[in-house]
Amino acid sequence: MQKMRFSSLAVQNFLLTTAGTLFFTTLILLISGISPLAVYQLLFFGAFSSPSKIADLLMLAAPLLLCAAGLTLTFAAGLYNLGIEGQLTLGAIFAMLPLRLWPDLPPPLLWVLAFLAGALGGSLWAASTASLKIYAQVNEIFAGLGMNFLAMGIALYLVFGPWQRIGTASMSGTEPLPNELWLPTLPNLRLAPLAPLLALSALGIVWFLLAHTKWGISVRATGLNPIAAENLGVPTNLRLFETLFGCGILAGIAGAIQILGVFHGLIPNVSSGIGLLALLIVLLVQAQPTWLLPIVLLFASFAIGSVQLPLALNVDSNISGVLQGSLVLFALMARGIQERRQKKH
Amino acid sequence: MHLAHHVLPTQPLSARMTNALALVALADSVKPFLKLESCVKRMFRSFLPKFGLVWLSTILLLAACSSSQSPTSNLPTVSSTTASSPNPDSAYTFGMLLVGPNNDFGWSQAHYEGAKYAEAKVPGTKFIFVDKVNPADRPGIKVEQIVDDLVNKGAKFIISNSDDFKDGTREAAKAHPDVLFLHVSGDDQLTAKAPKNLGNVMGKMEYGKMIAGCAAALQTKTGKVAYLGPLINDETRRLVNAAFLGANYCWQNLRADKPSEKLDFSVTWIGFWFNIPGTTLDPTVVANEFINAGHDVIISGVDTTEALVEANKATKAGKEIFAIPYDFKDACKQAPAVCLGVPYFNWGPYYVKTLTALKAGSWKPSWEWLAPDWKNLNDLDTTAVGFLPGPALAAENKAKLDEFIAKLAGKDFDLFVGPLNFQDGTVYLKAGEKADEKKIWYMSQLLEGIKGKSK
Amino acid sequence: MNLDQFWVDLAAVLASASPLILATLGETITERAGVINLSLDGTMLLAAMVGFAVGFQSQNVGLGLLAAALVGGFIGLILGFLSLSLRQSQTAVGFVLALLCTDLSSFLGNAYVRVPGVAVPSMPIPFLKDLPILGKLFFHHDLIVYSSFILTPALSWFLFQTRNGLILRALGEQPTAAFARGINVIQYRYFYTILGGMLVGLAGAAYSLDLKQGWSHRHIAGMGWIALAIVIFGAWQPWRVAFGCYLFSALQVLASRSQSLWPSVPTQVFQVAPFALMLGFLVLVNLSNKPPSTPREAQISLRWLSLAKLMLLMQGLLHSLAASPPAALGKPFYNDEP
Amino acid sequence: MDVSIFDLTKTFGKVRANEQIRLHFAAGQIHGVLGENGAGKSTLMKLLAGFLRPDAGEIWLDGQPVKLLNPAIALRVGIGMVAQEPLVIPAFTALENFYCASPASAMPNLASARQRLLNYAEQFGFTIQPDLPVANLTVGQRQQLEILRLLALGAKLLILDEPTTGISALQKKALFEALRKLAAEGKTILFVSHKLEEVAEICTTVSILRAGRVAGEGQMIMPQPQDHLLSLMFGQEIQTKNPSLPQKSETSSAQSVWKLDSVTLREGSRSLPNLNLDIPAGTILGLAGLEGEGQQLFLRLLAGRLRPKTGQFWLKDVEMTNSAPKAFREAGIHYVPADRLAEGLVGKFSLVEHLSLLSKMPGLLINLRSAQAQAGAAIATYAIKAAPTTPLAALSGGNQQRAMLALIPAHCTGLLFDQPTRGLDILSARAVWQQLLARKAAGTAIVFASVDLDELLKYSDSILVFHGGRVSKALDRTDLSATQLAELIGGVGFVAGE
């Protein structure tokens, strides 16, 4: 019974969303004089066309999933953690510290240290946003935004200042890490299996925390009705702090992956918009951990698939962002229309 | 929505041409999927009720199908590069990574047009490219990934055009030992970091910059010349120093008014080759700062044309400001009224030479530094670096500039000659000492007399 | 630095703040009506692109500006439809629109990257431009800058002196009271969301057709978020918002100056200084606003406040900073419930 | 303006707020509309002012039918309403409030508005400073401002919803004088109240609503005997039926749960002075009074959510004057707000989830089996019509309230209830009280606020009456009749306890 109801509503919603999105992106493509079919082919399937593409897909999906899992926590508590970009950046910066300070330690130990440092950096940054929110009533959206810019400033300062390459001050980042410090990859692929494994376990932990622990249920209560939660004895401010802190940890680990597994050094734009994309994903799935993995993979596949667009079709690859954004927009629209209809009945 | 029709982009000629190329490429990429149509249909029918997951699982399964049914389709495994090339008897494909857009009126367009020139001149070659490879336009996308794509499309020779691609190009070259790489502006050959299949090339732009500096010094009324610097490294310091030397020489020796005071020569670095909002300084703001501080000639060292645009704006507002853009021969066109000229790269002849050698199998990766054709600086079939005077350059100054160019072309004249000191007072060249190539290439500081940061 | 140079710099600051003023005042209008338009960054980019493209195609600056305003208004309409009619979270819709429009601007604007286009012509005002100092400061600009000069007092006058301004503020403060007075809250909110969006759109075009002529990928990304922060900093008061804009552009000029003035300070410090400042101010403003709800919080905020007071050496300043957002900002309004 | 209402009906979901109301209000008179809370007065007034649209029925003004689709139309035809909590904009000054959204024909500009405001204020003897922020005005002043505004807009029918709530005696006097004056000018005044003596003082006619319908014979000419009006308001049975008296408990021997010594409360513009009280275990204290007289302040004080401004406060002989809400909760005090879905329950959570949330069992994990078992037991014990996993928002009000009860541990020190049976049908209400009485028997002290006289009289051991910002002394239930209580609530014979 329940399944039936679930599917009829959800299928309607899904159809409305996809139809709207495809209509919109097709329109955009047609306006630009581009054949939509060819573009869709690459966007949807391009990321699976070769093992190296799949490897890239997974290496993008890993930090994305970590951030999305973290955001699932904050969303459960009713927070828009726009500061996740900054948390990721700080994670990356902190992850660089042990690598620069003690480069002679055995690599596995350094990796552990880097991940721990990354988690610390991200969570510190998140904690400051949380404090601003709780003690100074600065809306977390604006606190987060401000902290993002500050984080960017710190990264820039390091890359152009104390950590610059000898004789150079360039956006291309710090001197690359020695090869032995890179996270080990599969032969001939840029896939460091540790990254997706970490991300999957983070997702598992978040799902478990939210679904099966008392803490998780009190977080959800805080997000759904803070007044009632407070009346029922939940320390809501503490929950806000904890979820932001937890999100910071995961974003920080994502930052460490960017350093150890992707860029092999600090670049100013180390976050690469992954945090914002994760926000989009979490908005789309309404912070349900069960839907996170497929949607993360889907969004990552768009991003990777779109890389080939300029080469194959001379189409700007930003169309993947258009597709991702309009997907969420139309999902919101479908939700709104459905709620309206339900209300009328 | 009717508004959108006004917005309809008119594709530039070049874009249309690449479109045609892309169609060919598309046909190849589509083939394996056509076979899979039934596979897709089956999947959609059986999974439809589970919606969201369908989409994803379809894609995943399709991927699985595609790699199992057509293993040779377009896998980039190193050994099969040649085998998997779509048409074995087709053209020699060479690829290019551009840091900016291929229509930037600057560095990237110069490379793009050079490659198009070579493609036309050397029969049997095919040119493919990816532009805007930079962290602002393609966040998170790395050089290696794009090289993979180029190799997949059959590229056997790949040019990467930014100093920023140094690490990525080296890694990509290691990953594709059968493909040859040319990194423009790099020095891996000099530092012996280069794998066997990676070469470096650069043009001797310092001459172009000397001429630019000279033009600036000849035309300035306030005696204040500004240099809009990109990021700071050996190359950019070299170019600023060259411009300064040229300017200083002409200021002291070629001005009719024989100015007694020293030339004011300032540089502000924005932090990258072009503006990345919120990350670099804004070149527009910096250019305006120059203008407000009394500089009346701005020499641009960045890939984009803000200096020219702002000079033009200020001139329209009643001031008299000039600018010297950079990189691309047609750069003046954006605002001819204030353009004193442009030092530019002309990569065509070198690419022709290289492609010919490549086709003959005789190209060996090395480090090359291409000099201008002093016989005719602007002979597009021979020179690597040129200087086109702009409409705003006064006739008398143009004559003097030609005089200066003639001097440079002469055997005995050089400006990198001592005594020259660095900004911190240490000696760069002792009196009478002439700099060798390495001393010019590795420029560790700005010269004494330049206002601005060295690091 | 001599005094003349100072006036020149000040004039440059006044001019370069003009797009920000259009955007922040547009957002002020929208938020005064109780709607948060979080899409500013994307809206400005898309409008900048469309404005430039239309100007380029038609060789007519006016059409470009008009198109940009229409784009901004259209995005306001979408935000209105999803949040006012379909009752989705304003924050979520605005955020999605911000990202979507950013990518859309890059995608659709591909063909216009760094092509030379049209620009708003400079228009010194006869006679007035020859005034000492004042002429240099205020009358040597173009229409966009002049309109930014006019907009601040105009909006201030509109908000606080006119019948419609009063209604606008009522929408954001107490929509039920506005409804009781016969105001169609939803319709009015639509109107002001669109109007504010149009100003934001104009701000985008003010960049691409004037201040930073031309179009390139993510030409002005980041400015929208800054504008949002400035609106809060300015406490939804036109004059204070404008002051925030001028402060921001002054800091930007200082950043490019800093290389020659203080070579030892990395430029990046100045680049992010506005954000640090903004956060600091938000904290002070909120701490001084907030009635402590528990003794512990009172202690904490007192401690911070006394520290801040010590630093500022001005007791009164915090009180003058006190400001609160429109009471109903971001809250949905329904009139069909008992 | 002559107003006729024909068969006006309005329902919200299943609740019939107004059913076939048929009334007539003649011009130039003050008409009283009486009824207890929830009788449908506010709905009727909102229909008249265009805030709501009727499901059926018609409104005629001066012999013409009108469709009042929104407040704008109502205002245009001359209907103005002053809500109980005047709908002003706190951030505005008095003048801005006066001027806001007025048609240009009435007030061409701010200067003329100021003149108008001052003139009107003088005319009615109101003292309003135009440039003072409304946030600084008293409720009475806000109301005066609203009345003046509506008059300036040309209102011919003036509706005043509970106008005397929260205003001072002096302001009340000024208000009544003004209303008489307006009536003399030919305006129609609707005076909505449940204060008998005020209606008696000022109204020429009275109509009584009860459970959404017009009670008795319809509109009556004042004066009317008080007993008659009371019986129409609260039902016939009030006179005859004497609720079964609870056993008078041995209060003296029981330990006190709450103890207040000279406690003063203040929040915003509301305050309660000088409370001295002792609430023993195993007793029920009822809080009677019109809504918003301060009962909620009192409940929140007892729950630890509002700190006393002055005075001292003990919980089971432990001083808690400045303790955090958490300490109260740990001491076994539970608070159930009136708006259950907004403040008491997480609507999207089921009973199982709520019980998991509240579980005191050790361990970090949710013990789903135990929560399900508990939920099953609760459903059985409290007769909740729901599955253990149904989101509580989907339940009826009665089931929600029972679920709310089920969430409170069986043995607790004190229970605070705001309107325990609001919106519940008789059966649910009875079930709720059954549970509460069981807890009382187990030694729990219960304090509840209610507007239902029957409920107060039936279940309380003693009653506090809240009126005009003051509180009576604790009145023994056995000393009170329904009539007396109704009178006290209306202010007749009210004496504040000191």
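All chains are identified by letter, namely A, B, C and D, in their written order; residue positions are counted from 1 within each chain.
Criterion: a residue touches a chain if its C-beta (ideal position, glycine included) is under 8 Å from a C-beta of that chain, and two chains touch if they have at least 3 such contacts.
Quick caveat: nothing in here was measured; it's all calculated off a predicted structure.
Across A-B and C-D, it is A-B that has more C-beta pairs touching. Of all chains, the one whose mean C-alpha position sits at the greatest distance from that of subunit B is D.
Rounded to whole angstrom units, the spacing between the C-alpha centres of subunit A and subunit B is 33. Centroids of subunit B and subunit D (each the mean of its C-alpha atoms) stand 75 Å apart.
Rounded to a whole number, the gap between the C-alpha centres of subunit C and subunit D is 43 angstrom. Rounded to whole angstrom units, the spacing between the C-alpha centres of subunit A and subunit D is 48. Listed for subunit C are residues 106, 108, 110, 217, 222, 267, 271, each touching two or more other chains. Contacts with at least two other chains are made by residues 7, 9, 11, 15, 132, 136, 269, 271, 276, 278-279 of subunit B. Listed for subunit D are no residues, as none touches two or more other chains. All chain pairs in contact, by the document's touch criterion: A-B, A-C, A-D, B-C, C-D. Those residues of subunit B that touch subunit A in the shared complex are 4-5, 7-9, 11, 15, 18-19, 21-22, 25-26, 29-30, 33, 49, 51-53, 55-56, 59-60, 62-63, 66-67, 73-78, 128-132, 134-136, 138-142, 144-146, 148-150, 152-153, 163-164, 166-167, 175, 231-234, 269, 271-272, 276, 278-280, 442, 444, 455.
Note for the complex: subunit C touches subunit D at residues 161, 163, 166-167, 169-170, 173-174, 176-184, 294-295, 326-327, 335, 338.
Subunit C meets subunit B in the complex at residues 5, 8-9, 12, 16, 50, 53-54, 57-58, 67, 70-71, 106, 108, 110-116, 119, 121-122, 124, 140, 211-214, 216-223, 252-253, 255-257, 259-260, 263, 267, 271. Interface residues of subunit A, counted against subunit B in their complex, comprise 7, 10-11, 14, 31-33, 38, 41-42, 44-45, 47-54, 56, 60, 149, 152, 156, 160, 164, 167-172, 176, 188, 190, 262-265, 267-269, 271-274, 291, 294-295, 297-298, 301, 303, 307-308, 310-314, 317. Put simply, subunit D touches subunit C in their complex at residues 12, 17, 43, 49, 51-52, 70-76, 81, 83, 87-92, 96, 99-102, 104, 109-110, 322, 324.
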